[in-house]
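Two complexes, one shared chain (chain A), two partners (chain B, chain C).
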Partner chain A sequence: MPKTIVLDKKSVNFLKKITELSGEIITLCDQCGTCSGGCPVIEDMDITPSQLMRMVLIGDQTVLQSKTMWLCATCNTCTVRCPRGLDVSKVAEALRQTTLRQSIDKVKIDEIPKEELAELPQIALVAAFRKLTS
Partner chain B sequence: MKIPYYPGCTLKSTAKHFENSAIASAKALDIEFIELPKWNCCGVVTPLAEDDIMHHVAPVRNMIRVLEMNKAGTVSNEKRLLTLCSMCFNTLKRSSLRVKEKIDDLDILNDFMYKEEDYDGSVEIVHFLEILKENGFDKINKKVKKSLKDLKVAPYYGCMLLRPKDIGLDDPERPTIFEELLSALNAPPVDWRAKNKCCGSFLTLENKETVAKLGHDILTNAQKSGADMIITSCPLCAFNLDNRQKIIKKIHPEFETIPVLYFTQLMAIAFGLDKELIGLDKNFINPIPLLESKGLL
Partner chain C sequence: MTMKIGVYLCQCGGNISKVVDLEKTKKFVENKDIEIVQIHSNMCSGAGQKLITNDIENLGLDKIVVAACSPHFHEKTFRAAMEKAGLNPHVLEIANLREHVSWPLKKQPEVATKKANDLVNIAIEKVSLNYPLEQKSFKMENRVLVIGGGIAGIQASLDLADAGKQVTLIEKEPSIGGKMALLTKTFPTEDCAACILSPKMAAIAAHPNIKLLTNTMVTNTSGHRLHFEIEAETKPKFINPNIDMDECLGCFQCQMECPVDYPDDWELGIVDRKAIYVPASLAIPYQYMIDPNSCLHFTEDSCSICADICPQKAIDFEQKPEKLKFTVDNIIVATGYDTIDPNIKPMFGYDKYKNVVTGMEMERIVDHLNEKPPPRDIGEKIAFIQCVGSRDEQVGNEYCSRVCCMYATKLASLVKQDRPESDIYIFYTDMRAYGKGFEEYYKRAQEMGIKYIRGKVAEVNQDPETNNLVLKAEDTLSRQIIESEFDLIVLSNGLQPNKSTEFIIDSLKLAKSPDGFIKEAHPKYKPVDTDIEGVFIAGTAQGPKDIPDTVVQAGAAAARVIGTLSKGEFDVDPVLAFVETDVCDGCEKCINACPKHALKMNSGKAEVDEALCVGGGSCISSCPVQAIDLHDFTNSQMSASVFASLEHKKKDEHRIILFADNASTYRLADTIGVKKMTYSHEVYIIRTPSGSRISPNLMLQAFINGADAIMIGDNISKSSSFPWSKDISLENIKAVNNKLEKAGIKGDRLKYYEFNSSMLKEFVIEADKMADYVQQLSKITDEELNRLKETI
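This part shows the complex of A and B:
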């Protein structure tokens, strides 16, 4: 028997919002798993990139609690391999932005150890602050 | 030839040896970098959210500087902007294409930067590797004074030179441009699996262990493939693969360190340029014993 998933209004709105923010037509995702297969940081993620896509697709907002979007380094390995031409890194960015735009920072700048600050190149700091702070 | 040059912030500090060796190697090939006047940080990462136009301001402002240089006659009809850092290359190129494709975005940006000359979308972002290829790898070969034939070099592309497809300067899965350069330097390129695997990028701030894990995989793959050293064109990859070997060694005591150099340092060595310009004392894992053992210093 085929199963029907009925999305409530909240879920539909969440999918719409992430679609708009990412510019990706998330409903094109076939769940083939190519993105997860090639993701270099998958071992440290709690949900795979394809699970992340699926959760957005069904409007499941608990996806925002996952570590995965914060671990996406935008390496674009999945982007060049997706058979549907989707860019998962843009979906991850849309999810990060959804949190960051509520002035919730993922990294606390004043808690970075001084010895780390002295060692890290600007390129690492600017990139991390752009990706992880509001 | 004279070409407008965008250094970016890290090339003026922790990667100064990248800039010095690149400028000197280019000079040996009659390529002169003309640094942009009043350049600003590109933002390192490209804004990926569709509505985020604001973060294209910084990259586009640098492109306006190129137009000004042409107008002032500092360069003659040269609207290409040369980059060395892979992150700057990627970020600037993505913005340059975005405003070309979305004219409405360009209008908003020009309105916002009303004190600047309007940007017309005509600047093309190029990487030094592309200019070297266009100039001819045979010319590089003619400048080689010290043969690197005994040095096995693993070329590390990382992400930003190759991906996404419309930005990358080579095939994203099977690139060859570094191998072509190494062959021109008479250095046998090592073929290895991890050449385009991500080093973890900015995760190095919050997820050091993840970066160390990625680094360990990349570095040991190079070693198992027979490499004596790794070359890169990205100061962030260089930090993650070179400096983070300290953490890798802690987690894996049996790990043996391997030098990581900028490709331009290797060019400068092969061209027999001044030690000061090569800056081997700036690399974290000391490459001098290896290079001495191969008779290159």
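This part shows the complex of A and C:
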């Protein structure tokens, strides 16, 4: 179902914020799809990198719910190929920062049984705490 | 010889006289060494002009001052009147009392009258040093060089030759025809390219006014709009051509016996040719030639079969390159383009995979598609990759190549028409179908079932097991990733300037656009002119374009040449540099200072080439002995103006000299007057051709004679006829500032401005700012001035 997007101050501010955090002029994106075509982890993404760029450009904040930004490994394949010289990985990082700065706990630590807590690798715990990507 | 100066004060129907008390000005003038002063209500009227001409005839006046409106309004009028009365038009000076005095100082009549007196004083002092100048004109002939024998050069040559011009057409390949001759059909009409081109090529060969030089490259150019000296070199074809049927007859025997099979360059290697061959069936000139790079006689010194069997003994392995030297009056550069090397995008695997071809190769493949069997198989599933090398900042090309969308559409359509079962995809970034009939053509291709996929291909790989090509891209419209096999992948590579274009840019000193193509003199109004007078451009040497646009431009360039040459001569404004040969010590410093290369050494002295000089005056400050000067703006004339502008300055007054460039700042000040805007009356405007004319010496003289500050107003450099003026002016200002500092004179008294004709507010603000600044500064003391004099 297509959703209706209102192009208002909020969407402009979101674009501004991500532009500032990433240092990339996101409005330069031509939507050619070179980034998506060459992305090595594209199969696990729910939206393509170019789609991520598009959503930021129109100020669609639901982009923050996507897995794509967490899956970006900053391999920079897209960066060296982008015909407009944009660094998509920096935009992904800006989106990650935006989410992390909200300090939302994705997992309540005290609800995890103590036995499980002892067994879980620490890195998995930290990842689950903020990102919960899988 | 005593001078007889006549001074004419114009009331301008009250525009001047209601503010300036002209009777006072008249009294002021009567104290000067002049023959007569008169006041008239409208000097520009017939009666006003008659006043001048009568006085010239009756009193024998030899210098004229008109104090009226801006010289940009009526200088021509008064010059024409003087000429009629037998006086040289250059012994006229105009004091701009309306735009520069009575209008901006409308509310300060007393100040205005004083300033009017000063301006008339300047004009009288200047005119007393004026001398007759003759209009220069230079003869031109009818000779035109067209560089490049593609469709642009062919069209331009034919247009010129039909108009009776003598054309030399130079082509580096053995045949004319250029890239168009390689195309199978043309978009969007699908005319056969060879069929519509070959009659034009034949017309070139047949035209009595065209001298065709193929296998020839320009090796050097020198000179200017009158006489371009061209040096060129013709590579040997090793066969004596058919002249009077006693040499090569084109009997074909040599070609039959030649043992070499070599990729045919005309066919881009799709088929083979012999080492002795005719470049193509439509080649002009239609001549046999030997390619020394593939002929065994040259590569291995082993074979001479062709020479042995030739019944005419037309083969001559000893032929040497021929050097040519000739003179032309105008040049059309039609050097064309190269396709972008697809290997700069290694992810598409052009050099790795046989079934990845370029658009141009596909032209030849499609052209041979109906041969049985075709020299290259294309399979069933074909993908076109758009924007290869264009619109790609990773390879430094920001621009769109303009033709790729349509040539891919054309090639796809031709294949689809011939083989309806084929499955064709065009991967594009944006579909640009901007030309006449393009959108309709694009729609027809879609109708035929060609699939356009909006996404730039990321990479092409080969399946290690099946050896099939696998292409990966995002379909940005469905947001799906496409990873699919293809039999053939066509890279729609873009256009870039070729080596010939780059050579010509360097050799003729043309300007380059950021995209590397030749820059036109003005993108809107002078689209086929270049920065060098007498050099015009046509076709893709100026930027990517299709055949119709190229033909239009070639016609336009030819028309410009015809227009330029039709007068048989060209006029040059006599405001040109000149050298006082007895002062010149031959130091050669000026030679490099002239951006137009108009200064040369001749028997140890500098010499001005008047056909090249543009009268900007930037050479003047380069001369350490003041041997170079500019007619009508000589050192003594400029000094006299500066001195006169400060002559009646009182101790407590301030004065700022604004040297205003004629093209921009002076006219801007006129417009400010017209708009009745006001600025500080302390700013006195003196006309100069460019900021760079104002030498350090002149600025120092202004300070010594009492100027408090100097402003130099120049045209914005990017739209100026003297774009180099800014750098030279700033350099000069730096030199003067050093001297002021050494003399202990404080303050920022020298400023350089770039103005265009609409910067009214900026001008007023800057003028007032400088006036305020000078108010606050302490006056330059006599002691400081003495120290300054010592530095000179």
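Here is the rule we go by: the second predicted complex is superposed on the first by the 97 of 134 C-alpha atoms of A that agree within 3 Å, B and C clash if a C-alpha of one lies under 4 Å from a C-alpha of the other, contacts with A are read in each partner's own complex, and residues count from 1 in each chain.
Heads up, the rule we're going with is that a residue touches a chain if its C-beta (ideal position, glycine included) is under 8 Å from a C-beta of that chain, and two chains touch if they have at least 3 such contacts.
Predicted model, so just to flag it, every value in this text is computed and none were measured.
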Between chain B and chain C, more extensive residue contact with chain A: B
Partner chain in contact with A:82 - chain B first, chain C second, else both or neither: second
Partner chain(s) touched by A:46 [first = chain B, second = chain C, both, neither]: neither
First, second, both or neither for A:105, with chain B first and chain C second: neither
Which of chain B and chain C A:34 touches, first, second, both or neither: second
Chain B versus chain C as contact partner of A:119, first or second or both or neither: first
Touching both chain C and chain B, counted on chain A across the two superposed complexes: 43, 80
Interfacial residue positions of chain A with respect to chain B in the complex: 20-23, 40-41, 43-44, 70-71, 73-77, 79-80, 87, 89-90, 93-94, 97, 106-107, 112, 116, 119-128, 130-132
Residues of chain B defined as touching chain A within the complex: 8-10, 13-15, 41, 43-45, 48-52, 55, 85, 87, 159, 162-165, 172-173, 197-198, 200-207, 210, 213-214, 235-236, 239, 243
Touching residues on chain A, where the partner in the complex is chain C: 30-38, 42-43, 47-48, 50-51, 80-85
Complex interface listing, chain C residues touching chain A: 347, 387, 391-394, 429-430, 454-459, 472-476, 479, 481-482
